[in-house]
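Pasting the structures here.
Heads up, the next two complexes both have chain A, just with different partners, chain B and then chain C.
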Partner chain A sequence: MIVGSHAITTETLAGAKLRRRKSLVDVSCDAVLALLLLVFVAPIAWMIVLSFQSDRAIISMFWELDLTLANIAGILAEDQPFRAQLVNSIAIVAGTVALCGTASTLAAYGLSKLKLPWWLNASVGASCAVVPLLPPMALVPGFYVTLIQTGLLGSLTGLIILNTILNLPFATVLMKIGFDEVPPALQEAASIEGAGEARTCWTIMLPLVAPSLITSSLFTAIMTWNEFLMGLTMTSGGTTSPLSVGIASLVQPYEVRWGQLAAVGSLAVVPIMVASVLASKRIIAGMTRGAVK
Partner chain B sequence: MASTLGRRSSFFAKAATIPFLILIVGFGGYSWAQVVVMAFSHLRIESGNFVWTPAGLDNFRDILTNEVALYSLAVTTIFVVATVALSVVFGLVMALLVQRSQRLNRISQVVLLWPAIVAPVVVSLIWLLILSPNIGVLNKLLDTVMLPTQDWLGTEVGAIVAIIIVDVWHWTPVAFLMLYTALCAVDEEAVEAARCDGANEWQVIRYIKIPMLMPAILGTIFIRAVMGVKAFDEMYLLTAGGPNSATTLVSLHIRDVFFDQLNYGYGSAFSVLIVALMSLIIGVALVVQRLRRNRPFSAARKVQP
Partner chain C sequence: MASVEIHNVKKSYGTLQALHGISIQIEDGEFVTLVGPSGCGKSTLLRMLAGLEEISGGTIRIADTVVNDLPPKDRDIAMVFQNYALYPHMTVAENMGFALKLKNADKREINVKVERAARILNLDKLLDRYPRQLSGGQRQRVAMGRAIVRDPKVFLFDEPLSNLDAKLRVSMRAEIKGLHQRLGTTTVYVTHDQVEAMTMADKIVVMRDGAVEQIGSPLELYDSPVNMFVAGFIGSPAMNFLTGEIQADGFFVGDVRFPLPEIASELRGRRAIYGIRPEHLSIAEDGIAAQVQVVEPTGSETHLVLEVDRQEVTCVVRDRLEVKAGDEVRLSPDPNRIHLFDPADERRL
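Let's look at the complex of A and B:
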């Protein structure tokens, strides 16, 4: 009896010790993780802080706090190209999402649900596999000449087409995964009811793949909004360029307006960060799903 | 599906792929053909029009004698190896930490998305605000704690280290998300069984989790390597290839040659060379993978009964 109770006490003691050690490990793991999270957030936060700081406080050797809205007001002023660039960026994103969404949905539907001749299947599949591997910079010389020949150099249409080409393979893969999940019985039922293939696609399939379409559109929109290389090389700058190129043009060899620079950066980034909080599950699904393929 | 399989492909089926093919094969393929043609030509602009003359292999011969071109291949290799290794290691560590943390699990997934979706050009701006010799907060911090300040972007080694750090900061979240998703799919029963057999946490990670994650790790390495070759935006603003061309990655070299030196043929030839090298490396990787899988006594075979 006594021996038994003694054994129990030592066991619970050992258990408590083990538990305490485990919780200590948990806490230190959490501390390391929190530190890492800070490393990833602090640089962004610092830019947002600087966008409310006066240039004098930014340049100062000491730690000063001189809050102002002048940076943001200066960027939004009438004589700045910022407004035109913002409109350009929004137009390019809207055009690319529409064109890319249409083309990718149709192609993915064909790949997933319809019978295609082998050479069509192979060429669409090969494009989806190869195009994402090519460095965009290697394609720039060709795009440049093609846009000159078609008279689209420097136009929003040209940038919409280029952004669509860069995003279309990935969007098509995402949409194909979406279509593959729709049971084929639905398609058969629709065709027995007498619906044509186009009508089946529009009224039966499209609502069912809406989540995939939203994910791929969101992804295309973010990639297009962030796109820099094509905007830089295919426009002549100023009011013809998208916002990302406008930001880069504020960095000049002499006299950089650091406050305004930080303000433009924040304005370009904060909307996407807010959207990402609301749709984080979708964006993560898009990133990881397409990669697994 | 049976009903569609029996039929021949319809007009609608073919029409559905037309927009895709016009854009990718038509516009994209035509543009790529231009690059290849340009690579074997001398190009001049006369009164607004391109004048093409065949050049044979001249442009490729120029690459071999151009020091900046050869250097850019070397520095890109260093950049890709360093950024892939660091971002996959950090991503793996963070995936393991996030999975075991109850308190920070949700917030980590939201917060770690941010660097990956910030525009690359803004990423370089963010790091310019940190590393700049005039206003950079890093020097300010060092100064406050009485440590010597550095001109981070002004020295050659410093600039290379800087672009590696920036790239790792930017893309580790992508590696994290891919590895974390794979980690969540690891069979809990195997982990529990190992714990019952007395394996400690480190042994579980080393002998159960990492082997089961291996396909995801290899996939992440591949994707990050491709991203590394593509890198352009971050360096364009941060270092512009300098100082003394120390950070001239292949993308920056192509832009410099094509748009600043207006050497169209040479720029295109370099593009073709990069794509050829990438295809070669990817092809070798695929063959090696296939050979390893077919080896009679490999680990993959042993698992299967």
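Let's look at the complex of A and C:
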């Protein structure tokens, strides 16, 4: 009897699910979402399409489809700076992710797990909160002078250091949240078993905060790849600048090379979009770590 | 293996004194439990023994070495944590062998020791699993395995069974006790559960508000508690306390007379608290009249909550009784098992 009624309940539930019709509200919600998606995706899709169009077709009064690989070939040509700029951007991102990841991990471990004096904790915390609020433009003069004096102006090392400075506060906060989540008993157990501070950090803590490290690294990578201001002001342009600056150089006083602009733009945007989509789950998981037990 | 001497140990956080000069002597191979209500300082004391908390005053010796300023790793102790503290990214075998790996022990030697400990704890089939793939009881055993592998001077347990369900707790209790009998390692075990303390320990230290109330074997504490706190804390259900007056022919709660053994004549006429354990009250025809409030059958015995002269009394009887709430029964206390306490300072008279 009981088994029978249970079976009927399950069946009814399954049936209800199948038969459930979309209400008018659901449909209009879907429509709004689709429209929003179009608004955000259309310009990027359009840019990608433009990168395969000839300049004549782009500026034509009518809709034309004149597919060509000339734009791509053009920006990748030997005499163009974009190849070098792409390499620069990749090098800056790699260097920044490594430096910022190391520095933020060590800083966050200290803040979270070592018994530091309260004023040190407070001042590091405060600077993590304040530095991201400063307009980067306000920092340019100071950075510029510092880079001149250290001989790093125009070098990749200089840009790696600047990008690290800009991204370190957020990465540190994110890593600290990760470290805070590791139960203190693990650290204590390791210390009783004979592990020193460095060993504990490396073999116990680091594997456990790997998700946070991945999140903060992805975030740093995206921010650094897109960074424009420092790339513009701290390099002398051409083959010394990152790709983000190179795109802007295609808008010239007497000519805008739309096709090549679109091609470089696609080159800059597509990798980071793919990375973001692949990593979005990770980023959200990392950001909300510790929010709910 | 080693003896442990805790001498006048104090702990203060700023102006707050958490431990007020605690002294405990733990013999080589002894199983000692620290028991008391939450916040009594028992875990703090254990953590000081482990080196996880600084000692504000006094000395702790392990095997005749003062360890006050030694870091945890140099104290040769192993600790089992309440939440097990297993390394989530390591397998059972890696968890158990971690300490040996830190000592740069030979890989073969690590394997031999881990396998031996795994056999003792029935973990040999789980060595390749990760902690998240284990049940609570298995995790608990891995935590113990991690301690055994190191063959330390002292085992420290910090409420290791409180995360397990009631049935598992009973079986793990027996397992830990069996393990101690087999290995003979000096053990300090913290718990808030007096049943755990009674069943496992050679010696119990009852603590309250950062001070030791009484130290003794389980039966010493049961038979002659030094004050009302220990009397009420040890034993389940808890001891009954009745306020009244000592007279020549018995103890009077209002007009009701409770029997007393031979007592010194100078106690006559003074107010006192009469303590009697529920299991030392029996139902007898010529006893004290009491009204039944609640009947709790547990199967093997029946707990009766009764009222005598507006004071509540619990009684445990092994016979099956046909009584219900509102009935009257007659109680007979065993005069040789009663305890008298001073109502002012709650000490034993």
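Going forward, the second predicted complex is superposed on the first by the 261 of 293 C-alpha atoms of A that agree within 3 Å, B and C clash if a C-alpha of one lies under 4 Å from a C-alpha of the other, contacts with A are read in each partner's own complex, and residues count from 1 in each chain.
The criterion applied here is as follows: a contact is a pair of C-beta atoms (placed from the backbone, for glycine too) under 8 Å apart; a residue touches a chain by one contact, two chains touch by 3 or more.
Keep in mind that this is a model prediction, so the values were computed, not measured.
Colleague: Applying the document's definition of touching, compare chain B and chain C: which contacts more of chain A?
Modeller: Tallying touched residues of chain A, the top partner is B.
Colleague: A:52 contacts which: chain B (first), chain C (second), both, neither?
Modeller: In the superposition, A:52 contacts neither chain B nor chain C.
Colleague: Thinking of the overlay built on chain A, is A:135 touched by chain B (first), by chain C (second), by both, or by neither?
Modeller: The answer is first: A:135 touches chain B but not chain C.
Colleague: After the superposition on A, what does A:179 contact: first (chain B), second (chain C), both or neither?
Modeller: Neither partner.
Colleague: For A:191 in the superposed arrangement: first (chain B), second (chain C), both or neither?
Modeller: both
Colleague: Kindly classify A:208 by the partners it touches after superposition: chain B alone (first), chain C alone (second), both, or neither?
Modeller: Only chain C is touched by A:208; chain B is not.
Colleague: With both complexes overlaid on chain A, does A:82 touch chain B (first), chain C (second), both or neither?
Modeller: In the superposition, A:82 touches no partner, neither chain B nor chain C.
Colleague: Between chain B and chain C, which residues of chain A are contacted by each of them?
Modeller: Common to the two interfaces on chain A: residues 188, 191, 196.
Colleague: In the complex of these two chains, what residues of chain A are touching chain C?
Modeller: Within the complex, chain A contacts chain C at residues 183, 185-186, 188-196, 199, 204, 207-208.
Colleague: What residues on chain A touch chain B, complex-wise?
Modeller: Touching chain B from chain A are residues 25-26, 29-30, 32-34, 36-37, 39-41, 43-44, 46-47, 50, 58-59, 61, 63, 99, 102-104, 106-107, 109-111, 113-117, 120, 123-124, 127, 131-146, 148, 161, 164-165, 168-169, 172, 184, 187-188, 191, 196-198, 201, 222, 225-226, 228-229, 232-233, 244-245, 247-248, 251, 258, 261-262, 265, 268-269, 272-273, 276-277, 280, 283-284, 287-288, 291-292.
Colleague: Inside the complex, what are the residues of chain C that reach chain A?
Modeller: 50-52, 71-73, 75, 77-79, 81-83, 85, 87-89, 98-99, 102-103, 146, 150
Colleague: Where on chain B is chain A touching in the complex?
Modeller: Contact set of chain B toward chain A: 1, 3-5, 7-10, 12-14, 16-17, 19-21, 23-25, 27-28, 30-35, 38, 50, 90, 94, 97-98, 100-101, 103-104, 107-122, 125-130, 134-135, 137, 140, 143-144, 169, 172-174, 177-178, 181, 201, 219-220, 223, 226, 229-230, 232-233, 236-237, 250-251, 254-255, 258-259, 264, 267-268, 271-272, 274-275, 278, 282.
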